[in-house]
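Read through the structures below before going on.
Presented sequentially are two complexes of chain A, the first with chain B as partner and the second with chain C.
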Partner chain A sequence: MDNILSSFFSASFLFIVIRVGVPLLYASMSAYVADISGIPNIAVEGIMIFGALFGVYISAISGSAWIGLLGVIVVGIVMGLVMAFFTMKMKASPIMIGIALNLFATDFSVWLLLIWTGTKGTTASLPSKVLPKWDIPVIKDIPFIGEVLSGHYFLTYVCIALAILIAILVYKTPFGLRMKACGLDEHAAESVGIKVNQVRLIAIIMSGILAALGGAYLSMGYMSIFSSNMTASRGWTGIAANAVGGGNFLIVVLTTFVFSIAQGVVNKLALTELPSDLVNIIPYVCVLLAMVMLSIQKMRKQKVK
Partner chain B sequence: MKKLFSLLLVAVLALSLVACGGTDTPASNDEGSDVTKVAILLPHIGDQSYLDIVANAKTLLDAKYGSAISVNVVQMGDDEADWEPANLQAANEGYDIIVSGNWQYEGAMLAVAAEYPDIKYVNFDYSSADANSLPNVYAVAYACQEIGYLTGVVAGVKSQTGIIGGVVGQDNASMNQFMAGYIQGAADANPDIKVIITYVGSYSDPATAKEQSEGMIKAGADVIWGCAGGSGNGVFEAVTEARKNGQENIWAIGVDDDQYMTMSAKPELAATILTSGLKKCDVAVADAVSAVIEGTAPMGTQVTLHIAEGAVALAENEYYLANMTADELATVAAFAAKVADGTTVVVDELVTAGAFADLYAKYGLK
Partner chain C sequence: MKNKSKNFKWTNEGPFEFLRIMASIFTALLVTFIVLCVVTKSFALNIFVDLLTYPSRSMFYFGYVLVKMIPLCFAGLATLLYFRTGLFNLSTEGVFYFSGVVATWVAVNPNIMTGNEILDSFITIMVAGVAGALIALIPGFLKAKLNADEMVISLMLNSILFGIGYYIVLTYLAVPGISGTASADFIDTARLTKLIPKTQVHTGLIIMFVMVVLVYILLFKTKLGYAIRMTGLNKNFAKYSGMSAFGLFMVVHLLAGFIGGMGSGVELMGLYKKFNWSSLPGLGFTGALMANIGKNHPIGVLIAAFGISYLRAGAQLLANSNPFIDISMISIVEVILTLLISSQYFLRAWRSKQMLKEEQKNG
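Let's turn to the complex of A and B:
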């Protein structure tokens, strides 16, 4: 038990936290950019499944992981456009569309799997490619930091870069201000000349790409095959992290980090003789606690008013 | 308009009631033709595992009987509500023998079987003996603890570190039935063995299974049995990665189907799979259907198939034979023979609850 406890404070544990946290961060960023511009995207899970499946398939038929990645981005854009078409053009409820897309992705991905491979389980019969791992030249030689930060998958670094870009976009650019304005009150935004639909279209496409990349991370690096429903609720965890953040990107990222630590702890504790049912609920208890904290905070704010 | 609609609804409901209540229509299963009509009812096929193995019984039966038999694999769909209607439909289509079962959908089959005493039913993997005691039902099950025993012996023989792992889908009695056998087999092959068992909590989360396997490898495990459905692929990924990092002698073991064969398009992953613990449902179904046709099947009874009947076994493909030394193969064969002739009794978690916990307390890595 002491062994396990001390291993929580090691570089290799932080490495694992980053490894399990990246798909969650993609998901929470995807939910975040859509949410702040006024279209809650709960289709993250479904888009992740498509990203994971198409990345594998396109890399297999093209023979290149990079073309596969390009395909993933296109899939993300297409899913974003579908979402945008129904919510903005057809004025449907984003929640309904989200549910529809999730159900659609779960079953349609299995059908595609059957068409492409003849099975409903995995893409093991496709010669798909994976994106490389990267050792960062200078950082990898720094003792502790190198162990934590170097040697991750390519999409891990993309994820970190995108997180920084989103922070800059939302907080330091006029476009970010417009996104938030559209999310707060579309009529007010419209009255000052913001093209609400245009801003939201861009946001929802970004959201689609982020979710699709999160899926590709799972099937084109972390794993080398797609297996049906392999996202295993990671999209929903991301949505929960976004909800806890309540529009504050830093809190969204921190919450995602907490969820990742919880997942890392679970993976460590799974090796002990603690009851697995108890251990496996840790991340969900974290989500629940975060939600409770969120509502307490909200209630306090209301009381002050 | 509203009235018309509700009238229509009532009419449809009434009609469907009539359709459901059609139990007194005689099944036209003896129309004088010599062809035996067999239906295999499954939720779906194409899972590269369990269900595909059952469906493979069609190939075996076709090969054995040729045109004297017509075997249909019927996909009932994954919606539980569709299973009983599918069974009813099959019963009304004049099949002589209907094969279905498994704890999930045996209920739908048995409900219909009770209404059609003239049709012979085969339950290919029963769970409840009481429910399966109908006079027109022949139910088989598999000694899963013996599958575990065989893979355990292989793991015990192959492990050099003396630590082995088991990545399991869920923490329940039927999964622990495999694991109790696994620990017993490993301990028979190597009394000093240490075992690490983890539960993924899902049969479709290979990423978590991979993390758990990596943890095991770090703790020194060098043979890991992935007994977790789709999650099991994560075990192969973790072992592949460990090998890339220079740990050459690490192995994975598959389950249900010969996973070395199903992974063949991914040579890297396949190369990690030493063998697989097989549940030969296809052989069992083909044997059971043959027995029904020949009239020798003990209808109304339930049997559990063991190593001796060839229903559970190891996947002894070329890769396995190439990577085991003659000594190792002989050891495994000797232990298997002892189980087959009854000298060794493998503990059955489903019969002796707590057997797994006792074994794990003794051999678990602390």
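Let's turn to the complex of A and C:
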């Protein structure tokens, strides 16, 4: 047990935290960009599933991981467009659309698996490609930091870059301001000449791409196959992190980091003799507690007012 | 009332709603057909016709449809109560699993079972229902007291309940020596009896119909039902009507949890010999779809559960002989129905045009 405890304070543990945290951060960012512009994207989980599946399939038939990645982005855009069409053009509840798309992705991916591979379990029989790992030239030689930061998957670095870009987009550009305006009050935004639907369309598409990339990370890096139900509620964890953040991107990222640590702990504890079914629920309990704490905090604020 | 038939127009509220649902079903089936054609790379009309007619070819197959609609209907009824109150709670999934574990504990325990067929089934199903109700109180309390986001909480709860439930099954209920994880066989008297000979249809079907009627009465004939419906339309209703919102939310969660738990008990005692679920049964989301497709009406849920069950049965029966068909392909129908039925603007342009024409003719 001492071994396990001490291993939590090592570079390799931080490396694991980043490794398991990246899909969560993709999910959080996906939920975040959609939410601040006023259309909650509940379908993150489902889009991740499709991203993961199509990444594997397209890379397998094209023979190139990069074409696979391109396909994933297209899948993300298409899913974003579907959400945008039904929520904005058809005036359907985004929540219902999200629930429907999630269930659809869960089941339909199983059917596609069956058609493409003949089995319902995994894509192990497809010759799919994975995206490369990167060693960062200078940083990899620095003792502790190199061990933590270098040698991750390509999509890990994309994720970090996208996080920085989103922070800049939301907080430093006029477009970010417009997104937030649409989220706060669409009529007010409209009255000052903001094209609400256009802003939201772009936000939803961004959200779709981010979620799909999170899925691709799972099946084209973290693992090299797609297996049914491989997202394991990561999309929902992202939605929870976004809810805790309450519109503040930094808090969203930090919350995601906390959830990643919980997931990292699970990965470590899985090697011990503790019952794995109980260990596996740790991240979910963390998310649940975070949601409860968030609500208590909100209640207090309202009472003060 | 007499004028009603005289003034019948497709653009009237009722007929238009009917038309919309029919158009949704037609679209969903058409897309399924097209997808089938694409996948099989041929004109797959015969497969499609098989899919639609197979379940009604024999009494046994049709019984399969009826049996499989029971859990869908229970999940739909439970979720319907949440949706009617304006709560997006999806905990029926976890409730189904955990109540199933509890029901199993009762049904394999000779100390509890009395040996009387009716009494034993009743006890098992009731215990499952109570377990479901108690579980549902967790998100219920968090929602009612703290106004916590019930959707994310219910989803996390599903995963947690599965983890704990599976642990209980592995540690306390599993019987060593058989392949896979499964409990001991349920005691015979706990299981529901067959309703129609030579099919799998069990008495759970009657319980299901009773529940549909009860939920209907609750929603439309009682004060509580009125409060539920009004709160769904306007969050502040409970507050202004003098009813405590806290109490209302708790009661709704209690009832929905109870229905979900009952559904689990009925499903297990009706169809299974022992507990062998090694993953979440997937009914929480399906329940949400049933509620949505059924327009949050108990009778609607009943019809939706039958329709989806019919198609799923068709797919399941064809799956053995056709490599392209699987029960999961029915998700196409489910998603399109849900998307179109929840779209307020679906066919609205057509309706406006028709009404305008009418107006011009008359004026």
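Observations on the model:
In the analysis below, the second predicted complex is superposed on the first by the 299 of 305 C-alpha atoms of A that agree within 3 Å, B and C clash if a C-alpha of one lies under 4 Å from a C-alpha of the other, contacts with A are read in each partner's own complex, and residues count from 1 in each chain.
Everything below uses one rule, namely that a contact is a pair of C-beta atoms (placed from the backbone, for glycine too) under 8 Å apart; a residue touches a chain by one contact, two chains touch by 3 or more.
Bear in mind that the values here come from a model prediction, so they are computed numbers and not experimental data.
Taken together in the superposed arrangement on chain A, chain B and chain C clash.
In the superposition on chain A, contact of A:S224 is made with chain B only, not with chain C. In the superposed pair of complexes, A:V20 makes contact with chain B only, with no contact to chain C.
Contacts of A:K120 after superposition: both chain B and chain C are touched. Contacts of A:F108 after superposition: chain C is touched, whereas chain B is not reached. For chain A, the partner touching the most residues, choosing from chain B and chain C, is C.
Of the two partner chains placed by the overlay, neither chain B nor chain C lies in contact with A:L184. In the superposed pair of complexes, A:A161 makes contact with neither chain B nor chain C.
In the overlay built on the shared chain, the residue A:I99 is in contact with chain C alone; chain B does not reach it. Of the two partner chains placed by superposition, only chain B is touched by A:E273; chain C is not. The intersection of chain A residues touching chain B with those touching chain C, taken from the two complexes, comprises 114, 118, 120, 229, 275, 277, 280. Taken together, the chain C residues at the contact with chain A in this complex read 39, 88, 90, 142, 146-149, 151-153, 155-157, 159-160, 163-164, 166-167, 170-171, 279, 282, 285-286, 288-289, 292, 323-324, 326, 328-332, 334-335, 338-339, 342-346.
The residues of chain B lying in touch with chain A in their complex are 44, 46-49, 52, 171, 196, 198-199, 201-202, 204-208, 210-212, 215-216, 218-219, 230, 233-234, 237, 240, 262-266, 268-269, 360, 364, 366. Listed in rising order, the residues of chain A touching chain B in the complex are 12, 16, 19-20, 23, 114, 118-122, 124-127, 218, 222-225, 227-230, 232, 263, 267-268, 270-271, 273, 275-277, 280.
Chain A meets chain C in the complex at residues 42, 86, 89-93, 95-97, 99-104, 106-108, 110-111, 114-115, 118, 120, 229, 233, 236, 239-240, 243, 275, 277-278, 280-281, 284-285, 287-288, 291-292, 294-296, 298-299.
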